[in-house]
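Sharing a structure, written as C-alpha cells. Questions coming.
To keep things simple, chains are lettered A, B, C and D as they appear, and every chain counts its residues starting from 1.
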Amino acid sequence: MFSERILRVLERLGGVSAATAVRARLAPRTEPAPPRFRVEREADAGRIAAWWESRDPAGRDQLADPHTIATLPAYAANIENMIGTVKLPVGVVGPLRVNGLHAQGDYLVPLATTEAALVASYARGAHLITRAGGASAAMLSEGVLRSPAFLFADMVEAGTFVGWAAANAGRLRVAAEATTRHGKLEAIDPFIDNDTVFLVCRYTTGDAAGQNMVTIATDALCRAVLEGCPVQPRAWFIEGNFSGDKKASYLGLITGRGRKVSASVLIPEALVRRCLHVGVDRMLDYARVAQLGAMLSGQIGAQGHYANGLAAFYIATGQDAACVAESAVGFTRMERRDDGLFMSVTLPNLLVGSVGGGTGLPAQRAALELMGLAGTGKAAALAEVVASLCLAGEISIMAAIAAGDFTRAHHSLARTRT
Amino acid sequence: MFSERILRVLERLGGVSAATAVRARLAPRTEPAPPRFRVEREADAGRIAAWWESRDPAGRDQLADPHTIATLPAYAANIENMIGTVKLPVGVVGPLRVNGLHAQGDYLVPLATTEAALVASYARGAHLITRAGGASAAMLSEGVLRSPAFLFADMVEAGTFVGWAAANAGRLRVAAEATTRHGKLEAIDPFIDNDTVFLVCRYTTGDAAGQNMVTIATDALCRAVLEGCPVQPRAWFIEGNFSGDKKASYLGLITGRGRKVSASVLIPEALVRRCLHVGVDRMLDYARVAQLGAMLSGQIGAQGHYANGLAAFYIATGQDAACVAESAVGFTRMERRDDGLFMSVTLPNLLVGSVGGGTGLPAQRAALELMGLAGTGKAAALAEVVASLCLAGEISIMAAIAAGDFTRAHHSLARTRT
Amino acid sequence: MFSERILRVLERLGGVSAATAVRARLAPRTEPAPPRFRVEREADAGRIAAWWESRDPAGRDQLADPHTIATLPAYAANIENMIGTVKLPVGVVGPLRVNGLHAQGDYLVPLATTEAALVASYARGAHLITRAGGASAAMLSEGVLRSPAFLFADMVEAGTFVGWAAANAGRLRVAAEATTRHGKLEAIDPFIDNDTVFLVCRYTTGDAAGQNMVTIATDALCRAVLEGCPVQPRAWFIEGNFSGDKKASYLGLITGRGRKVSASVLIPEALVRRCLHVGVDRMLDYARVAQLGAMLSGQIGAQGHYANGLAAFYIATGQDAACVAESAVGFTRMERRDDGLFMSVTLPNLLVGSVGGGTGLPAQRAALELMGLAGTGKAAALAEVVASLCLAGEISIMAAIAAGDFTRAHHSLARTRT
Amino acid sequence: MFSERILRVLERLGGVSAATAVRARLAPRTEPAPPRFRVEREADAGRIAAWWESRDPAGRDQLADPHTIATLPAYAANIENMIGTVKLPVGVVGPLRVNGLHAQGDYLVPLATTEAALVASYARGAHLITRAGGASAAMLSEGVLRSPAFLFADMVEAGTFVGWAAANAGRLRVAAEATTRHGKLEAIDPFIDNDTVFLVCRYTTGDAAGQNMVTIATDALCRAVLEGCPVQPRAWFIEGNFSGDKKASYLGLITGRGRKVSASVLIPEALVRRCLHVGVDRMLDYARVAQLGAMLSGQIGAQGHYANGLAAFYIATGQDAACVAESAVGFTRMERRDDGLFMSVTLPNLLVGSVGGGTGLPAQRAALELMGLAGTGKAAALAEVVASLCLAGEISIMAAIAAGDFTRAHHSLARTRT
C-alpha cells in the first residue's frame, strides 16, 4: 500500500514511538542565543581580524587570506558582514567562435565551477562549433520585469484604476525613467484578477542586468500612480511575485524576462562523427527522447543542462548566480539539415550585464576582460556569448549521452570516490 | 497590431533593410581559429604562468594570485583548464537557531554573493527566527534520480522489458549498489510512452549530493538489464532527460529530487511588529497576493526568493551552484495562528552534501566548518540548516515588501548607481 | 523496488511469458474490413433508416427516434454521418442573480449532465448567491487566438519576416478582416524560436465563439504575408499548436484566450452558516488547503470544479464541449471581508457564443432562450452568466467539503450502486 | 506603453468616467428574487409539464418532447430539477480497427458533437488506420485518485500520523474496500507540506469510471484513520484538491489518473500520400513544430486535439463530459520508421466506464452497444478504442494542417456564416 521507499523514510524518522523525542528536538528553545552578528556594510580589515580571533585560524587563512584582505575595499558595495572570500577555480573554454548581431570573434570563455568534467565538456562543444564556422547568435528581445500588485475594494475600482493608468501612461513613464539613466520603460501590461491588479512593467536596462534599477523605477511609477489616481488601493506591494524574479516561470518562457537570445550552428555529419564519435541519426534519436522526457516530467521548456554553463559563467563574471533559477529555461532543438546536424538553443531569460552587480569586482572584471566584454556597451554581446556557450554545452552532453560516453566521462574526469 | 515593444526591438535589429548586413554578421566564418586550449586536468603552476604570459598581468594578478597558486593541488579534481580562481565575498548570517531532526544549534551561516542587501536581508530573518525560539526543521525524504531511457521496436517489447526488470529488480539493485559504498537504490519507477521506457531510479546518496554516484550506479544497472533481458532496445540512453537534473520540474515538485526538507516558525505578533515594522494582517495580505502572482505567472510552487539564499549558500559551501535551477522550487506558507504568524517553507529538491563535489576545497570546507557541518554524517543537518535559511529569507523579503521597505533597502544597501 | 501497484499492473498484462500472445493481439491484421461508412454531410431520414436496418432496433428507437427524425434538417450543418441523436437530461439551476457589465437579471440556468448531484450542488450555490444580492460579474477582455507557424532557412530570414509583417500590419489586418463580418484582428504577437516564427493572432469574434472564424481569417492573413513578404518560409502551417485551442495552457492562463470573465460575491457569515452549515473560518482553512493542493499537483490555476458547470452548460446551450479542456482553468479565491466571505472566480478562457456552432440547434436554442440569451448581442452576457454559475459551483463544493457533506451528498443523490 | 488591445478593452468598459454607472450595474441588488426552483430528484412528467406551463411552448416541445417524457424514469438517478433533454446529433466513424490487449475488432464509433467537420475528420483518420492494419492499443495502468487532506498542529504530528497510517495500511484498505464491490485500493502515497498531509489514494474501479466510488471508499478510509490514529488533525477534508479530479495536472500526466492507454500505428508512405495528400517528411516537419508550439505555450503534454474526440465520445456514450478537462492530456508522437510513418498517442488520464454514470441511459447505452462495449467487462476495451479514436483524430488534423487543407475543410464542411 505504502511504497517501500516511504516506509524506509518513516523508519528513519523513528516512527510513531519516537514522536515524543522528535517533538522535543523540534520544539522552540528559549535559552539566549549568542550575540548576533550586527549587519555591517563596510568590509573592514580590523573588524574581520577581530571576528576570526576566537575562531579556527585554518579557516581564517582560507577565507580571509592576504590577497582578499588587500582587495577589501573592492567588496564594500557588494556584501554585508564580510568575513573573507570563497575561491572557485576558473577554467577556460574556447576559442568559441560567435557570429552574433553584437558579438563577433573567437572568445575564451571563463567558467567557475567545482564540478569536474564540466569545463572539459563545454570545451569539447566549443571546439566543435568553432570548427564548424562558429555559432550564429542574436539577441531577439530584452526586458526586465517588475510587477507591483494593487488590491482594491472591488472589481469596479480595479477597472477604474487600470483605466486611469492607461490614460496616464506617459506620466508614469516619466516618473519611472526619472530614477535611472539607462533604464527605459517599454511596456505596462495590466493583469486583473477580480479586485487585484498586477501591473507588469517591462524595462530595458542598458548594460546592467538591472534588477535593482527596475525596482527603483517601478517604485517611482507606483508613487506616481498613487498620487494621481482617483481610486486608491486598500494595499499595494512593489512586487506581486508575478515577474518571475529568480524563479522559473511560464511567463518568462512565453514573454521573455531579461535578454532573449538564440544561437545555432550547422555541423557537417563528418565533423559530428569525428569529434563526437556518434552519428547524426543517433543524436536525433536522443533529441526526441530528451524532448519527450522534458515534457513528461513537467519541465519548463526542454533542454539538457543550461544551468551548468550559466552557473559557471555567472559566477566567473560577477553576474547574479541566483538568476540561474530563471535563466536556465529554454529550448534546444536538433534537426537533420543539408546532410548535417542543425542545432539551436533559445534562452528567453538571460539576466546578464557587463556593468553593475559583481561585474566590477577584481577577479570577475578580469574574467570579463578575457573576453573583451567588460564595461559599457557590451551586455548584448555578452548575452550572445552566453547563448553560444550553452549551445556548446548542449552539443557536448547530448553527444556524450547519445554515444554512451556520459558515464565514462564522469568516471575518469570526476575521479569519483563515492 | 504589433506592440510598441516589438516594434522597438525590430528597429534595433535593423529591420528588413538591414537583412543583408545582418546575414553577413551571422554567417559561419571559415578563417582558422586561434589554437584551442587543450583540455588539461592538472592544475599546474607552470602551465598557468605560461598561459598568462601573453595576457593582461592585471587579470593574472586577480585570478592567479599567490594564494591561489599556493593551493593549486586542492583544485586538481574539480576543474579542467584552470587559469586561476574567482573570489566571491562571504558574509555571515546568524546565529540562526535550528531545532531540527538532525541539526541542533545556533548556526553562523556563510553566504557568498555579490548582490548587496542579500546578506543583510537574510540576517534580519535569521535574527527574528532565533528570537522566536528557532526554526523547527525536518528532512522528510531523500532520493536522487537518474532516468535512463530505452527505445524498443514496439509497445509489446517495451512491456516485456518492464516485466523482466520488475521480476529481476533484486539483481538490478545488486548491480547498481556494487558501484558505490554510500548509494542505495530505493525505487525504480517505470514510465512507458508507447515504445519508449524511462526507468526512474531513485537513490539515497549518503552524505554526498550524489549526482555522479547515481550516474555510475545507474550505468551498471542498465548494463545488468541489457545483459539479462530477453528483449533488447534499439537504443538506450543513460539519462532520458526525465530526472529533472539541473532543471525545475513538476516531477521534482511532486516526488522530490534530492533531500526534501521543511522548516517552520511561529512568531508572536509583537515580535513581528518590533522587528519587521509590519502587522501580521498585512503580511497575510501579501502572502495571498504573492501566492496568486506565483500561480498566475506559471511558477512551479510558490515562494519568494529561495534562489538567493540557495545560490549564496551553495557557492560558499562548495555545493553545485547549477543545482539552484532545480532546488529553488517549493512552497512558502503563512497563516495566523495562536495570535502570531506561522510561517513555513518546504523545499523538495535540495541537492546538498557535506562531502564530495566542491566541499573539500579549502575555503569551502572552512565555510562548512564554521557551522560544524563538514564531512561525514552532516548532510541531513546541512539540508535542515539550508531550509531554515530559506525561511529566514522568506520572512525578511515578504516583510520588506509588505512594509514598503523593499525599495528603500535596495536603495541604501545597494547604493545603486544605475 | 518496483511498487506493488506496478507489479499488479504487470501481472495483469501477463508478464514476460505472455509476450508472444500479446504480440499476436497487438499485431496489424490484414483481413479486409467491413465497407467503410462514407462521409455524408446531409442528414437524410431514408439514409439513416437504411443504416439502422441491419442493426439493433432498440438502439435505433433510442438514437433515431421520431422527434429526432422530425428535426433532421436542423442538424445538417453541424455533423456528418448522422445516425440519430443522444439525449442528455437537462436540469435547471436558479434563479441566479447576476449583476454584470452585460448580464443583468435573475437567470434560470440549464445544465445538461448525467452526473447525479451536480445540478443540486450548483443550485445550492446559486440560491446562496441570489440571497446575498447576486454575483458581480464583468467580462474583462476577449480574444480568440490562431497561431500560424513559419519555418525559415535561418534566424536572419525569420527576423526579416517578422520585420516585414510588422511594417505591413495594416495590410494584414485588412486581409484577415475581409473574410468575416464580425471578427476583428486585435493584435499580432510574434514569437521567435531561432528559425521558427509563430504569429499569435488575436481576434474578437462578435457573438460567436469564433474558432472557425479565426481560422479562416488567419488563413487569409497568412496568404497576404506570403504574397508580399520578400523572404519565403520553407514551410508554414495555419496552426503551430501554440494557441491553446482545446488545450489547457499557461499561455491561455496568462494572456487569456476567448472571453476573460471575473465574478464575485460577498456573503454575510450568518448566511454562510444557515445555507452551507459551515463557518467562514473553516471555509478559509479549506481554501488554503485547496490552493496548496492545486499548486503541489501541478494544476494550471487553482479552482475546484469549473469543468462540471462548464461541461453541463456548454452541452445544454450548444457550445463546443471540447473547449471545456481549455476553459476549465482559472482562479477561485476566498477571503474574510467585512465580517463575511468574499469569494471570486476568474476564468480567462471562456469559449462561448450566443450564435454559431450548436447554438442554433432546436433544444440548444430553447435552452439559451430560457435565459433570454439566444442570438445577436448576447455573448458577453452569456459569458458573465457562465462565470457566475462557476462561482455558484465553487461555493457549493467547497462548502460541502469543508462541512464534511461531500461524500454524503454523493451517497444520497447519486444512489451509487458500485 | 499599454498595448492597443488593452486600450480597446478599457474603452469598451467605459473608462474612468463610467465608473459610477459601472458600479451601479455591479452592485448587489436586494429586491426579492423569483421563488427558487427547489431541488427535485425525481423526474416527473406532471411536474415538468407544470414547470413549462408559463413558459415558451416552442422551448417545451424541443426539450420536453414526447420521446423524452416517455423515457423519463431512465433519467431519475442522473439529474435533479429535470425539465427535458437536450439532443446532440450523433455521427459514426469507422470501421476503426483496434488490435488491443482488450479491444479486438472493427469498431463503429459514435460521436456526439455540434461542430461540423469533426466527424469527417476522425472518419478520415479511422479509415487510414484500418487500411494500415489497425491500431495497436494497450491499457498500461489504471488508478482513480482521491486525495484527502489533514491539517495538524505541527510537523511532528503530521509525521506521526503518516507513520501510523503506514503501519496500519492493511486496516485502512479493509475499511475502504468494504464500501465497494469493484473498487480496490492500490496504493496510498503520502505528501507532506510541513503540518499538512495529503494521502493520495489510488484505486482500481472495475468497469466504472469510479469517481463516486473512490469518494465513498476514501471517506471510509479517512474515518478509519481518525478512529485509530493517536494524533488527531485540527481539520480534515475528503479532497485536498490534489487528485486532479476534472482538472488537467502534472500529477495526472506523470502518475496517471484513470486509465492510461497507448495506441500506435505504422502507415506505409504510399498510403499516407494517397489518403492524406501529404508526404511523411512534411508530416514530420509539422510534428516538430507542433511539439515546439505545445511546449512554448505551456501546455501539459503535447497533442493536437484529443479534446475533440474525447468530448464527442464521452457525450455519446454517457461518460462524464467534465472529465474532458483532465483526459485531454497526453503525447502524440510521429517518427519515420521502416519507410513509413509511425504515430502514437498516449493518454494517461482516461476516465471511462462501461457501467455507471450515464452509460445506462437509453441512447447512451445504445451508442455503447453499437460497439459491443456496454456493461460489465468492457471498460478496458472501451479505453483502448478511445485511444485509437484519438490516434485517428491526430493523424487527420495533423495531415490537414501539414497539407494545407485545414482551413478548406472548415470552409466547406462548416459552411461558416460568420
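Annotations
Everything below uses one rule, namely that contacts are C-beta pairs under 8 Å (C-beta built on N, C-alpha and C of every residue); 3 or more make two chains touch, one makes a residue touch a chain.
Bear in mind that the values here come from a model prediction, so they are computed numbers and not experimental data.
The set of chains touching chain B and also touching chain D is given as A, C. Set side by side, A-B and B-C show the greater C-beta contact count at A-B.
Averaged C-alpha coordinates give centres for chain B and chain C that are 39 Å from one another.
Rounded to whole angstrom units, the spacing between the C-alpha centres of chain A and chain B is 11.
In chain D, the residues that reach two or more other chains under the touch definition are 1, 3-4, 6, 13, 22, 26, 136, 138, 140, 154-156, 159, 187, 191, 193, 250-251, 253-254, 291-292, 294, 296-298, 300, 302, 331, 333.
Shown here, the protein chains touch in all possible pairs.
Chain B contributes residues 1-3, 6-7, 10, 13, 15-16, 19, 22-23, 26, 154-157, 159-160, 162-167, 169-170, 172-173, 185, 187-190, 230-231, 250, 253-254, 288, 291-292, 294-298, 300-302, 331, 333, 335 to its touches with chain C in the complex. By the touch rule above, chain B contacts chain D in their complex via residues 1, 3-4, 136, 138, 140, 154-156, 159, 191-195, 250-251, 253-255, 262, 264, 298, 331, 333, 344, 346.
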